[in-house]
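Each chain carries a letter (A, B, C and D) given by its place in the written order, and its residues are counted from 1.
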Amino acid sequence: MSTLTPEEPTVQARIQASFDKQGLMGTLGASILRIAPGEVDIALSPSSAVSQQHGFVHAGAVSAIADTAAGYAALSLMPPGAGVLTTEFKINLVAPAAGEQIVARGRVVKAGRTLTLAQTEVFAETAGKERLVALLTATLMKIEGRDGVAD
Amino acid sequence: MSTLTPEEPTVQARIQASFDKQGLMGTLGASILRIAPGEVDIALSPSSAVSQQHGFVHAGAVSAIADTAAGYAALSLMPPGAGVLTTEFKINLVAPAAGEQIVARGRVVKAGRTLTLAQTEVFAETAGKERLVALLTATLMKIEGRDGVAD
Amino acid sequence: MSTLTPEEPTVQARIQASFDKQGLMGTLGASILRIAPGEVDIALSPSSAVSQQHGFVHAGAVSAIADTAAGYAALSLMPPGAGVLTTEFKINLVAPAAGEQIVARGRVVKAGRTLTLAQTEVFAETAGKERLVALLTATLMKIEGRDGVAD
Amino acid sequence: MSTLTPEEPTVQARIQASFDKQGLMGTLGASILRIAPGEVDIALSPSSAVSQQHGFVHAGAVSAIADTAAGYAALSLMPPGAGVLTTEFKINLVAPAAGEQIVARGRVVKAGRTLTLAQTEVFAETAGKERLVALLTATLMKIEGRDGVAD
């Protein structure tokens, strides 16, 4: 963390505040693990509240934290006041999401003027080991000057 | 509905029972509106419990009902005992999801031996009018003979 | 075609001229079948020049005409002078592309201010029948005021 | 290359032979740069023969080599006699594809029993520097026992 610039605490506070306004994250019980420039990790605990019919974590819940991690990774590189909206994402689900904790690690691949491409790897952690369960790529759009759409 | 075959009440019961086991759908407050061969519609009521930071319904919640509608549309054409898993989906979010009700209409595009392609249109309904907010395409895999993965 | 407005012949000429500048379409032997507002159809003849290793039309060639059909469907609704670039697409390949002719039918799903969502269905035609072989969804970006990027 | 196992020359010969049967790759002028277990790189020279209307390499040509790199990366881990088919891919195009050479680097992310997830990064090389122009994720299906579909 020695490479933090003075602005980063602000970025972290800004993203945490925005995350706290996401009712869905609270409903799912998700939390932010880590915020760095272009990188955001989000965790979710498996439970029946977020399950699909076979008991695994629902693809929709996996997608929700993966999309959110991608979105905040993108927002972390945008100027204050800008808002971020997901315009599309694709997710490949490569293994059932089950374990002690599901962690989505979002990373910016390319930050453009209007559009940012980010990628999120989602892992299931069990007994100190992690296994890839999903891979998401998302396009995030920077929104400026639209009422109600900031951060 | 005059084209219903005798098996369809069974299909409807099977899908409703599977849906009721999806903890996430209960957590989100989603419900099935309609089940027909190759077609399943799911509804969600916007609220702060499923919101993102600007107050719209979170892309993750939209994706969750859209994926579920696609999955059950696929399952409706599979033999009893088979299970369905999403292997991938992509969603384009074309307008903020806000309104009185969000409805995801899943339809099978092509049912293959192992893989089924389904598409879901998601609409926001307000004052009797509906507006497209998202379009999802998903690949669903038929699982047979794996313990714990049926319906 | 009775709903054509006076501008449409211009749109058709504009898209045909742009298509003729696409070296790849000439290399593949593709041609435009039809241009209407928000709709463009492109055809390709299967041959060893566009094949993959098993003799089917290569997914890359199918994608090329499907992306082009989506792009011109989007361009058909944009003002003269605007250029169109694909920012992303996803294609599901549901059957081997083989037959007398491959036809990609691109349609605009939602035309936004900056981004347009289009969808292309690709059919293989044989003996007067057509079969769906692929489904593409694409995001097209309107480019204005950038040198060299018009139409 | 010190980690090559005895089977790898065979894998390389098998993939090169399959590639040589892809008429489209010859038509585009693409060639294989490198084959290793789970990794295949393919190069394409920009020219008017593979261009779109603004003179960049067409997204369809970029997709074609990116899909092929992903497919052969997947095939490199499959047993002899198995065939590989792309069931879907998504590509994000993050910069115009222009330069001296376009290189697609395909890598297996997860090799499953039936489905393999691979990812391809596509770079444009100019004056010894490379720039990311596209990112593709693809699902490849292993085909066994179907006439005419091997390698």
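As a convention for this text, a residue touches a chain if its C-beta (ideal position, glycine included) is under 8 Å from a C-beta of that chain, and two chains touch if they have at least 3 such contacts.
As the structure is a prediction and not an experimental result, all values here were calculated from the model.
Asker: Taking A-C as the reference interface, identify its repeat among C-D, B-C or B-D, namely the pair sharing over half of the contact pairs by residue number.
Answerer: Copy of the A-C interface among the listed pairs: B-D.
Asker: Identify the chain pair with more contacting C-beta pairs: A-B or A-D.
Answerer: Output for the comparison: A-B.
Asker: Taking each chain's centre as its mean C-alpha position, how far apart are subunit A and subunit B in Å?
Answerer: 23
Asker: Can you work out the whole-Å distance between the CA centroids of subunit A and subunit D?
Answerer: 29
Asker: List, in ascending order, every residue of subunit B touching at least 2 other chains.
Answerer: Correct list: 87-88, 90, 92, 139.
Asker: Using the touch definition up top, name the residues of subunit A that touch subunit D in the complex.
Answerer: Contact set of subunit A toward subunit D: 90, 92, 94-95, 109-110, 112, 117, 119, 132, 135, 137, 139.
Asker: Would you mind writing out the residues of subunit A in touch with subunit B in their complex?
Answerer: Touching subunit B from subunit A are residues 18-19, 21-28, 47-55, 58-61, 63-65, 67-68, 83, 85-93, 96, 148-149, 151.
Asker: Under the stated contact criterion, what part of subunit D meets subunit B in this complex?
Answerer: Within the complex, subunit D contacts subunit B at residues 87-88, 90, 114-115, 139, 141.
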